[in-house]
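Letters A, B, C, D and E mark the chains in the order given here, with residues in each chain numbered from 1 onward.
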Amino acid sequence: MKKQDKYLVTYCEILLTSTITTILVVAFLIVEKEMLLGAIIGLGILGFFIAKGRGIPHKIDQVYREHPCVFYLTIVSPVIIAIVFCRHEHFALFMIASVAIYATACLGLTLQLGYTGLTNFAGAAFLGVGGYTVAVLTNQSIPNVLVILLGGLMAAIIGSLLILPVLRTRGHYAALVTIAFALLFKTFLEINDTLGGPQGLKIASFKFFGLDFNEPLLGSSFYLSYVIAALLLMLVVFIITRLIEKSWLGLHLDAVRLDETVASCFGINIAAWKILAFTLGNFFIGLAGGLYAQMLGHIAPTNFTFADSLILISIVILGGIGNPLGVIPASFLIIVLPEKLQFIQEYRFLLFSILVILVLVYRPEGLLKRGLRSFYRTWGRERKLEN
Amino acid sequence: MKTSLLQVEGLTVRFGGLTALSNLDFKLGEGDLLGLIGPNGSGKTTCFNAITGLYKKNSGSVLLRNKEITHSSPQNIYRNGITRTFQRLRLAIGLSVFDNLVIGDAMHLNTSIYFNVFRRSNLRADIKNRLEQAEEILAFFNPKLIDNIYQPIGKLSMIDRRRIEVCRALISKPSVLLLDEPSAGMTHEETRDFMTDLMEIKIKTPKLGVILIEHEMNVIERVTDRCIVLSYGKKIAEGDYRDVSTNKDVRAAYLGED
Amino acid sequence: SSNETDLVKIAFIGPLTGGVSANGIGGRNSADLAIKLANADTSKKYQYELVVLDDECKPNIGIQVATKAAADSKIFGAVAHYCSAVAVGTVDVFHKFALPMIVWGAVLPEITYGNDYPEIHRVNGTMINQNDVAARFMIDQGYRNWAIIHDTTDYGKGHDKYFTESIEKYGGKVLGRFGVTADQQDFNAELTKIKALKPEVLYFGGITPIGVRVRTQMDRLNIPALFQGTSGIISDAYIEGTGNLSEGTLAFREGDSAERLPGGKMFLTKYKEMEYSSPPEAYGPFAFAAANLIIRAVEAVGPDRKKITKFLNQIKDHNSVIGKISFDDNGQNMVPLITKFVVQDGKWVIWEASDYQSGQRQLSR
Amino acid sequence: MDFSLLDQHIINGLVLGVIYAMVAVGFTLFFGVLNVIKFSHGDVLMAGSFAALIASLFLSQLGEFPTWLNLCISLLFAISIMATLGTLIAQHLVLPLRGAPPLNTLLITLMLGLAIREAVRLFYPNGSNPKPFPRLLPENSWIIGTMEIRQDTAIIIVGGLLAILILNLAIRKTRLGLSIRAVAQDPETARLMGINFKRIVLGTFALGSGLAALAGVANGLYYHEIIFDRGLFLGVIGFSAAVVGGLGSLLGAIIGGFLFAFLQTIGAIWFSVPAYKDVFAFVVIIMIMAWRPTGLLSEINSDRV
Amino acid sequence: MESMLETQNIYAGYDEADVLTGVSLKVQPGKITCLLGANGAGKSTLIRVLLGLTPARKGQVFYQTKEITNIETHNIVRQGVSTIPEGRKVFPKLTVRENLLIGAILEKSKAKAQDRMEGVLSIFPQLANRGQQLAGTMSGGEQAMLSIGRGLMGAPKLLIIDEPSLGLSPLFVKENFKVIQKIKERGITVLLVEQNVKQTLEISDYGYVLAQGQVVAHGTSSMLKSNSQMQAAYFGQGE
C-alpha cells in the first residue's frame, strides 16, 4: 500500500513536470514580448532547480525504464497536444520543424563523433549535399519521398570520397580533412554556376500522395505538414541511433573509438566500422538536409558554410557528446535562442555566445552526460528484480 | 608428442638500431604452459606484439597449427584463435564491465544491421546468453565481480581490472592465450589464487596453450611446464624451471647471483 | 472605422550581425527614423512600431525571419533585405502569406523580375541600369581597357556579368576577370597578374570590405589603374578604410543623391538629430523611403495586407528622399536616374559637382 | 612567364607564408597544453591588431612621435593586452573545463571567438567597417638584381621568422618549454614534479595570445587594413597549416604555413577564376592528409602496447 | 623526536564513498617507513592525499612542522618531496633524457642537474644509451627504472615511492631494494608502498599496515615480521 502511494506521488510529479515543461516550451516559442520571455526563462530555470531538488530527473529515468508507457504518455502526448495547440502558429511550427531537422542531422553526427570518434566538421556540407540533391530532383518527376531518400544517399556517396583520408587520419588530422571539405564545398558551389551559383536554387513544394506540403494542412498552418514530417524523421532516426547504441553495433563502435589497438586485437575491423558510421551518419545528415531544403523552398551556398558546420558540432557538444537525447534540447537552445534574442538586434550574437559559454562553464560535460550502455530497459535491474 | 599449436621460427624485430628480438625460435604444443622470462627490455612484450601482428616482423615466421600467420592482420590472428592481455592494462574506462568482457568475443557477435536493429527480441536473447557466459567466467576468477557486471570499469580496483582483462581474453575460447605479467601488482596471496584459477582453466580446456610472461619465479616454478629465457632479444636458455634457474647465464642476466 | 491609436507593426529585415552589418544597421536606423517621424506626426491615423529582424545575410535565416514577420498578423508590411541571395529566397514566403514588402537594398534583378508576385516591390534599382550607365560614362571618359575583380557572391557575379555586357556593347575591352571569394584577404597574386595586363581601369564588383582590401593592395603593387567600383562601395567606410588612396575612386548608384533632394536633406538632418551611433550608409535613404511608403499606404487604405499591396502597385511618381518612385508591373521602381560618384577630399561627391568634372583634377589614367 | 612577375609572386607567397606560419605556431602551442583546437585564436589575433590600432591612434593624438617609437609602443600594448586577455580566458574558461572532454573546450573557445568578434564589431566605433592600419614601416624599395622588394615587406618576413625562431628556441631549450610539454602530456604527474600547473597553462595562454597579437600587427602592417571578421578564416588557415605540417612541431607549422601560401599562390596563378585557389589548396590538403595521415613532419608515435 | 611527515585522522575518498577512514601515521626522518596492505586498501589514496592530489575530507597532514593539508601539489613538492608514482607515469612523448631532466625541473643550476643525471645513469646503466628514445616506447620495466630515476633527480628530503618493483625482473627487484637502502644512507627519508612484504620489511625501519582504509597494525619492522595479527590483516580477511 505504501509503495503504491509512493508510485502515485511519483506519477503525479512526472505528470506535473511534463505539463509545466510543455506549457513553458510552447509559451517560449509563441511569446514575443521581452518581459514575458524573461519571465518564462526565469520560471524554467527555477522549475529546473526545484525539480532537481526533488530528484525528479532520477525518478523520471527510473519510471521510464520500468514503465515505458508513462514515457510515451509524458513525452509524446504533450508534443502532439502542443502541435495541435500551435496549429495556426506558422512561425512556432517553423521553428519546431527546424529544431527537429537540426536534431536529426546531429544524430548523424552523434553516430560519427559520439559513438565512433570520427570528427566531422563538414556537417553543413553534407546537409547541403542532401539539400542540393533534393533541389535538383524535386523538379523532376520522381516521387518526393524518394527524393529525400536520394538526398541522404547522395550525402553518403559524396562522403565516401573522403573515406580514404578519414580512415587514415585521427583526431585533429581528421578534423582538418573535414574542415577542408566544408570550405571547398561551399566555395565550389558558389563559383560554379551549374547548381545555381551564389543565388542558389528554388525548390518546388513537397508533395506526398497528392498532398501539397506548402498548402495548409486541414485548414491550419503551411508548416504543419513539415513539422509532422520532420518530427517523424527525427523519431525514426533517433530510434535507429538508439537501437544501434544498445546493440552489438554500438559496442563495436565504442571499441573503435576508445582503443583501436585493443579493437584490432579482438578482431574488430576498424575501417569497416568507421565506414559504416561515417556513411550512415552522412546519410542521416543528408536526409535532414533534404527535408530542410524542401521546407525552406530555396537553398543557397551560404546556408552551408563552415560556420554552419560548427553550429552542428556545437549542438552535439552542448547536448553531451554521444548522448542522442541531449541533441534535442541542445538543438532547441542553439536554434531557437538566437531567434528569441532578435529583440536585442545587433547584440544578439554577443549575448548568445556568452550564454553558451555560461552553460558550458556550469555544465562542463554538456546538458545530458552520456551514461553507461544499457542494452534493454531492464538492463542492470534484473538481478535486483530476481532477488 | 603433443600436436604443435604455435610455432615461431627466426623471429626478428628491430626498432631503428635496436634489435628487440633476434632470431627467436620456439614451439608451443597443445595444452602447454610456456613461461617467457627475461630481464626488463629483453623483448618479451615485443614477442607478443609480433605474434599478434601489432609489430611488423623484420624476418622470421609464425605458424599457428602449421598455418602461416606471419603477415596476417591482428584481426585475423585473433580470429584464428590467439588472444592476449596487455602489460599496461587496456580496458575501455568509459564502458561497463560487461561491455569490456563481451568485446573479447567480438568474432562471435552477430553484427548484421538487420539483426541488431530489427530483431530486437533475438538480440535480447543473445545478450542474455552472453551475460550468462560472462558471469560464468567471472565466477571463476572472482565471484564478487558478478555484482559489478553492470558497473563502470573505473570503479574496480587495479587487480580486478587485471582479472577482467584475462576474462576478456578467455571469453572467446581461444586456442592460444598470451598473458603479459598478469600478476603485476598483486600480493603473493592474490597471485597464488589467480594462478590456481588459471590452472583450473587449463584443466577445463586441456588443449589451450598458454604463454606467460612473469617476473615472479615461484609462479614460474609452480605453473609452467617449460620456460624460455630472453636476454637482449636472444633466447639464452630453454627448459623446465629447474634447468633454467640453475643456468649460469640466466642467473647472471636475470635472477641475480647469490 | 478604426481607432486613432491603433497599433500597426512594420517589419524591418536586414543583416545586423556579421560582415555587412554596417549597411544593415544603417538601414535599420533609417527605417526607425521613418517610424519615429510618423509617430511624432499628429496627423497620422495610426501608431507605428518597427519590428526589427536580423537575417544574418543568410538565406535560411532570412526565410526564417520572413516567416516570423509574415506570420504575425499585426505586421502589415516589410522593409526587407540588403542581401540579394536572401531576398531571392524569401519572396516566396512573402507571397505565400500575402505580406507586402519593399526591398531596400538588394540589387539582383531576379528579385522583382524573377516572379510575378504582386507583394514584391523594390525602391532601389537593379544592377542592370547601374552598369549600363557606368559603362557608357567610362567609355565617354576615354577609357578602353578593363580588368575586373568581383567577388563570387550573387552581387559580385551579377555586376561582372552586366558590366561586361555593357562595356562590350560600347566598344570597351575586358582584359581579364578575376572572381574572388568574399572572405579572401590577400589579393596580391591576382593583382600581380593584373599588373602585367596593364589595364587602364580596375573594375571592382563587390562590397566595401573587399573593396578596401583590393584598393589598398593595389597600392602596394604600384598598379596605376583607375579604381572603379559599384554601389557596394559607396560608403563612408570605404573612404575611412582606404584613407588617401580613395581619392579619385569612381562608383555608381541608382537614384539621386540625398543631398540634392529637398526630402533628402531633411532626412540627413533628422538622422543627425537622432544621434544614431552609425551612419545611414548608402542604402539608408532607400530603407527610409520604403518605410515611408508603407506608412503612407497604411494611412491611405488602412491596415489590410491586400489593400496595401494593391495601393503599392499603383504608386507612380511618388516623391521621396530618393527621388520619384514609380513601380512597374513587377513592382520594380523604374529609377530614372543613375548617379555617378567620385571620391574627392575624402568625400563621395556627385560627379557633376566635382573638381574632376570641371577639369581642376584629373582621374588617373 | 614574365620573370619580374615571378619575383613578385615569390615575394607575395613569402609574406603570406610567414603570416600563416605565425598563426599556425600559435595553434601548435595551444595544442601543446590543451590538446584541443583553440578556435578563438584567429579572433584574438584580430583583437590584437585592433589593440595596436587604438594605441597607435592614441599616440598620434598625443603629439609627434617617431614612427618606430609609435610602432614599438603599439606593439607592446597589443601584446600585453592580449596576453592579459589570454590569461583571463585560461583562468575562467579553460581551467574550469579541465575535467570535461577536450571537445567541450573547443566549443567554449569557438563561442569565445564569436564573442570577441562581435564585441569588436559592436564596441569599436563603426566596428563593422574595415579600418585603415597606420603605416608604421618604411616603404622604400630595395632592388636586388632584378628583384624589387619593399622594406616593410622584408621587415615583416624577417621579423615574423625571427619571432617563430625565438619561440622555437624557447620551447625546445628552456625549462619553460619542457614544463609546457609535460603539462600537455600528463598534468597530474607534471604537478608531482613540482610544476605549477596553473601557472604553466596561464603562461602558455599569455604567450600564445601575445604571439597572436604580434601576428595581428604584422597582418595590419602588411595589408594596411584590418577588419573585425578576419579572424575566423585566418584561424582556419592557420589551423590547417599547423596540422598539415604536423601538430606539435614548430617547424611543421612553418612548413605548413608556407605550403598553404604556396598552394594559394599557385592556385591564383593557374585558375582563370582565382576563387578556385582555395578549393585547389584544400583538395591538395586532403590528398596530403590521405598520404601522410599525421602531417608532413609526422608526430612520432609513442603509443605502445 | 620530530617527525618528517605526519597525518592525523585522515578521511578521503572518491565520489561518495570514503576510502580512508581516519588514518594517522608518522614518518620519522632519515628512516624508511613502509606502508603495507592488500590491494584496494587505500595506500595509493593516502599517498595522493599527502601530495594534495586528492583532497582530505577530514584530518590533517603535516610536513616537518608545517601543515600541508590540501595545499597545491607543486607547493608540497617544492618543499623537498619527490614521488615515484604508482604506475610509473613517465611522459610518453618526452625522451628518456627529458624525462630525467624534468625530475630536476626545480633545480636552477644546469650543472647540478647534469651531475644528478650522471648519478642516476650510473644506477641504471640501461637508461644511459637510451637518452633519445621516447619514454612511451620503452618496455614496462625500463619505464619503471626511468620513473625511479626521475624521482631521484629531484634530490628530495622525502621520497615517496608507490610500488616501485612492479614489473621489474628479480635481479632488478633486488637492485631496487639496494637502491632504496642507499637512498636512506644518503639521509633521505623514504615512505615506501610495496607488495613485496618480506623484502620491504627487510629494509624498512618502521611499518604501517592498512586495511579497508584504516591502520590495523604498526610497529617496527622486526615487530611486524613476527606479528600474526598483521599477517592476517595483510592477507585479507580469509586466513
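We adopt the following convention: a contact is a pair of C-beta atoms (placed from the backbone, for glycine too) under 8 Å apart; a residue touches a chain by one contact, two chains touch by 3 or more.
What you see is a predicted model; the values in this text were computed from it and never measured.
Looking at the partners of chain C and chain E together, the chains they share are D.
Shared contact partners of chain C and chain D, listed by label: A. For chain pairs A-B and A-D, the one joined by more C-beta pairs in contact is A-D.
Greatest centre-to-centre distance from chain E is found for C, with centres as Cα means. Here the spacing of chain B and chain C, counted between their Cα centres, is 74 Å. If each chain is reduced to the centroid of its CA atoms, chain D and chain E end up 43 Å from each other. Work out the mean CA point of chain B and of chain E, and you get 30 Å between them. Averaged C-alpha coordinates put the centre of chain A at 38 Å from the centre of chain C. Residue numbers of chain B whose C-beta contacts span two or more other chains: 45, 54, 86-88, 90. In chain E, the residues touching two or more other chains are 137. Each of residues 187, 190-191, 261, 346, 349 in chain A touches at least two other chains.
Chain B makes touch with chain E in their complex at residues 15, 37-42, 44-46, 87-88, 157-159, 181, 184-190, 215, 217, 253-256. For chain A in complex with chain D, the residues that touch the partner chain are 113, 162, 164-165, 168-170, 172-173, 175-177, 179-181, 183-184, 187-188, 190-191, 261, 306-307, 310, 313-314, 317-318, 321, 346-347, 349-350, 352-354, 356-357, 360-361, 364-366.
The touching residues of chain A, when paired with chain B in their complex, are 240, 243-244, 247-249, 251-252, 254-255, 258-259, 261-269, 372-373, 375-376, 379-380, 383. Listing the residues of chain A that touch chain C in their complex gives 32, 89-91, 94-95, 98, 187, 190-191, 197-200, 202, 214, 222-223, 292, 296-300, 302-303, 339, 342, 345-346, 348-349. The touching residues of chain C, when paired with chain A in their complex, are 16-17, 21, 24-25, 28, 52-54, 57-60, 63-65, 67-68, 70-72, 84-85, 88-90, 92-93, 96-97, 108, 110, 152-154, 157, 179, 181.
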